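In structure tokens below, several structures.
One chain, subunit A, links the two complexes that follow: it is found with subunit B in the first and with subunit C in the second.
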Partner chain A sequence: MNPAQFTVDSRLDGDTAVIYPKGYLNNLAGESLVAECGRYTGKGIRKIVLNFGGTGLINSIGISLLLQIIEDLRTIEGTVCFSDMSKFQIDTLDMLGLLKHLRIFPAESEALQYLGAGTV
Partner chain B sequence: MPFNSIPAKDFLNRESELAYLRRLPEMKSDGLTGNVILQGSRGIGKTELLKQLYCTLFREEGAIPFYYSFRTANLKGNYFARDYFARFVRQYLAFLRKEPSLAENVSEPVQKLMPLISSLGLEWLLECMADFEAHLDNNDLYWQVVAAISAPLTAARKGGSPVFVMLDDFDAAENLYESVRGDAHGLTSLFSEPMKNSLCPHVITGASAALEAIFADQALIGDVERLRLGALPEDLARQLFRSLLGKLKLSCAEGETLEFLRVLQGNPRYIRNLAATARKMQKNNLAEKDLVECYSVEVSEGETAIYWSSVLSRNTRDVAHRRVMIKLLMHAVEGTGVESERLSRVMGLRESETGAALDELQTSGMLRDKDPLLHDVIRGLFLKEIEGRTAEQVRETIEKKYTRVNTESCFELVIPMEVNAELVAAGAVEQIGKNLGLDNDFLSFLQLALIEVCINAIEHSGSHDRRILVKFISRPDDIEITIESAGRPFTLDSLQAVPADEKLRNGQKRGWGFRLISGIMDNVKVERVGDRTRVMLTKNIKRKEVLQ
Partner chain C sequence: MSTELKRALYNISALADLGQEITSGGSSFQEKIQSVLYVITGTFLTNKGAILDRNREDGQMHILAQRGFDQLDPGRADTEGLASFARNEPCPLPAALGTGVGAGILMPLWVRDEFTGIVLLGEKFTADPYTAEDFELLRIIAAQIAVALNNHSLFRDLSDQLDENRRLYEEMRRIYHDTLQAFAAAIDAKDAYTKHHSQRVAKYSVAIARELGWNDHDIEGIYVAGYLHDVGKLVISNDLLNKKNPFTQEEVDEIRTHSTLSHRIISKINFPWKDVGKMIRHHHERLDGSGYPDALSQEELNDGTRILTLADAFDAMTSRRAYREKMDIQDALNELKNCLDTQFDNRIMLAFCRVLDKEIKGELPEPDILPHFDRDSDLTVIASLLEGIIRELSE
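This part shows the complex of A and B:
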């Protein structure tokens, strides 16, 4: 687990925003992640990749805020993909029966490729 | 009686204290020190030290020892005065004649000793006895008590040798009464005159808090120093136990390390009582599991249990009061704190009642943090007298606790209800898991479950003390995490696990915590302890989860 202070970085790759949440994903961190996504959707971006490679534990409130992001994107007919999740993170989502509601890719490049294929 | 001390060779680790006290008459005479209060937890050996000191002085020709135990004394004023006076006269004569039997024969009227007193030329003592008889005839309690208490000082002045007074369980003297209990407060202040005199060094024992209160009294305040008796070191505790077993014709199993004796915290009384129980149970060739068995008997129905129960009885008025005291003690043992305000709410008592009861428990010496045996006795009392369990059930409960202890590691942590404080608890799980060689994913799940319970407490408990107690117990086959916090209760029934599809359909994004906890852990239990919620999480450890 990485208990370091949560940070969120992002970059734009064409018409897709790639966001890097780093650290422990709880309520405060989740809200800043939601805000970061909102910053891009506010500019008309409708494709988002969340790269969890630097994320440690995601608590239940963090999970609920991820669902908030999915819903926000769905509202604007956008798509969010998750990438670089650890086995533990995937198992956690599986435990909650959420996997089938998410688009999860082993690597960021695969997520970008999927979004670039125009499946929005 | 002071002569029924244990053999000097079995009186371990008190050489320096004994040597110091032996010099007390000389030091007091030179104005170098005053009287001494012996401090130390019950059973640590204060009475035994007095008896050893008595026997040592008895064999010598210096100060004349006088020992008096208030524990067994009749505290009705006139009985006490007669008893104190008569015992002093007997012990004084026994010393002069070097005949212990003179001191021990308490059934013989002291008047029968008059010929002996005359033959020793102690005219002043005869006068002293006559004066005392006159006070008895006048039925004057005050002067009876004064005459009795002053007898050692009179003897020191008239006889020419200092009299070393040893007052055991002196705090009980506060309960001296004339006709009914509580009608003669302040009689202890009459001890001030002999205590202040350089010819009469005093050594005093009793419950520390009660003695502090007595010696804060204006009449007694002053030249008193405190000598603290500590526990026996582990090696000496084991040595004492083996020696006692030897005397009882018992032995330990080959190579037995007696690790379990640690639970007795080097308390000589506990060690003696455990050895005596081993004899009663006819245990020979003792192994660790036999010790645990003897211990569970001892703390549930043995001498130690009776001893502590009687200490409690001395401080309780009736059955209802005793039940309140036991419940308060149990709160202390469970580590839920003994704050008067909170306990009053939990127990439905007025705060003044709770405060008074806590004061009484403090004075009795039963509120002690570092005495696992006493805690087990209290658990036993609680199970028997509050929950109505049988002695056998109590024994089994205690035994079970310790048969698991050998393979357990236990850690406790208190975290504040602050942002990210749950990560501190999660960090502890990580290290504990590493110590056990558990793999990372397994540990991450444990951390997540713990985090969920902590944030539930932080978000929903509404706790005023804003603290969460986390306890980890790791065993070879499982790990148990207990999370406890004050505040609003919750039950598992209130946490329904709604299927994910349904939640998402209904736009419910929150409420995944319990599903995570129950998905991760093998057993989840929620209890209410007073005003606190206790969540117990258990996770079994399978071989594949341990890194090779």
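This part shows the complex of A and C:
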């Protein structure tokens, strides 16, 4: 896969949308990730898991897009969980002071379990 | 690695992102600015950001990109007031930018002594305050954005100027062609039998030149030569031009002066096209060296002259004159063919026949020659004749 070609896949798991960004989240193409989240929230979905297993680089543009998704979910009192992030990605979020504002899980299944357990 | 070092690396990386977005090819200015806004909001961890530029013409602020600042009302902004903020110094967002814009930071953008716009940032997502390090980074980023906006503005000014110049050029060109046509009408009006002759010669010449693959600039040159080739007839008396009886040798000699007169009249004009003067002076020269006014050899006759000569002769043959009836198209084509090598060039004749053949077959969107044929011309016979000549000359 060409990392410059950013794509987004998704699926619905019960009342939760699981979204799979693929490629580098470092340019305007990343807006499709925000749009995909918006597509689900537009249908009334308020729980979203972003699986970053297929995403290598996240730069300042990517961080901006993630903040927008988090803000959009907050506006509708929804919840977004991040999963399958690399250590580098988690370190970046930690360094930016964002970890305490995010729900990050090692695996998608754990994020789904968290969202399904009614804890949100 | 310490958090401070990691943060410094992230900031350096953000600056690199910014440079890449500003200088990236293939994306529009709007896309660049949108990307730059993402870089800024991602760097300073805010969901609210905007980039506005100051329009040089009306002095007003215009939003180039924004997110989260939906209430922003640049029309309310006092541009002079914004420009009065200290250069390169971030300051709190003024309420004048619109009700409900909330708290945040405003960074004026300057290039040398010119105020080019502002960057606005909302409160941080983490609710942390902006630090001195943030402001230092913002100054660097703002300087880059200011230069980018200024460059875009300069480019836009140049582009507008180019458009205006292009418009003026087209206007002048139109006036020029209108003048040419008026001139040609004056020439043709002297001789009742040559009405529209100059226009037709111009059109036929253009059709041949295009068939030969000439570029647009050179085609325009031969078009002008076609219109002006007989301008010298303005000096020759109407009585002589419209004489019905056979000409005396003296009269023939006088009429033959029209090509040198034409050349003399236009010689003061500095045409932007090559060889217009030569084409006009030599449109009665012949390949066998027996033409006038200079009895040039065929090596001395350029393609433009050869085209004009054939176009002029064809129109003369197919037009009525005071002293003779007009030839039909078939006879004129046969006459041209009979005069190949002595008067007309094979290659030019071939191109003429090909373009005429295409016009008859409807292969050209805007025919130049066919509209001047008599309505009762037998196109089937003409097409057959053309095919024969084309075959013969192509061998």
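Following the convention adopted for this analysis, the second predicted complex is superposed on the first by the 116 of 120 C-alpha atoms of A that agree within 3 Å, B and C clash if a C-alpha of one lies under 4 Å from a C-alpha of the other, contacts with A are read in each partner's own complex, and residues count from 1 in each chain.
What we mean here is this: a residue touches a chain if its C-beta (ideal position, glycine included) is under 8 Å from a C-beta of that chain, and two chains touch if they have at least 3 such contacts.
None of these values were measured; they are calculated from a predicted model.
With subunit A as the common reference for superposition, the partners subunit B and subunit C occupy clashing space. In the superposition on chain A, A:Gln113 makes contact with neither subunit B nor subunit C.
Look at A:Gly97: by the touch rule set out above, it reaches both subunit B and subunit C. Within the superposed three-chain model, A:Lys87 lies in touch with subunit B and out of touch with subunit C [touch as defined at top].
When the two complexes are overlaid on their common chain A, residue A:Leu28 makes contact with subunit B and with subunit C alike. Contacts of A:Leu67 after superposition on the shared chain: both subunit B and subunit C are touched. After overlaying the two complexes on the shared chain, residue contacts for A:Thr7 are found with neither subunit B nor subunit C. Only one of the subunit B stretches 453-461, 471-479 or 525-533 carries C-alpha atoms that clash with subunit C in the superposed arrangement, namely 453-461. Judged by the document's definition of touching, subunit A residues 26, 28, 59-61, 63-65, 67-68, 71, 91-92, 95-98, 101 lie at the interface with subunit B and also at the interface with subunit C.
Subunit A contributes residues 1, 3, 24, 26, 28, 57, 59-61, 63-65, 67-68, 71, 87-88, 91-92, 95-98, 101 to its touches with subunit B in the complex. Here subunit C touches subunit A in the complex through residues 3, 6-7, 10, 13-14, 17, 21, 27, 31, 34-35, 38-43, 45-47, 67-68, 125-126, 128, going by the rule given at the top. Considering their complex, residues 26-28, 59-65, 67-68, 70-71, 91-92, 95-98, 101 of subunit A touch subunit C.
Across the complex, subunit B meets subunit A through its residues 419-420, 423, 426-427, 430, 440-441, 443-445, 447-448, 451-452, 455, 499-501, 504, 507, 509-513, 515-516, 519-520.
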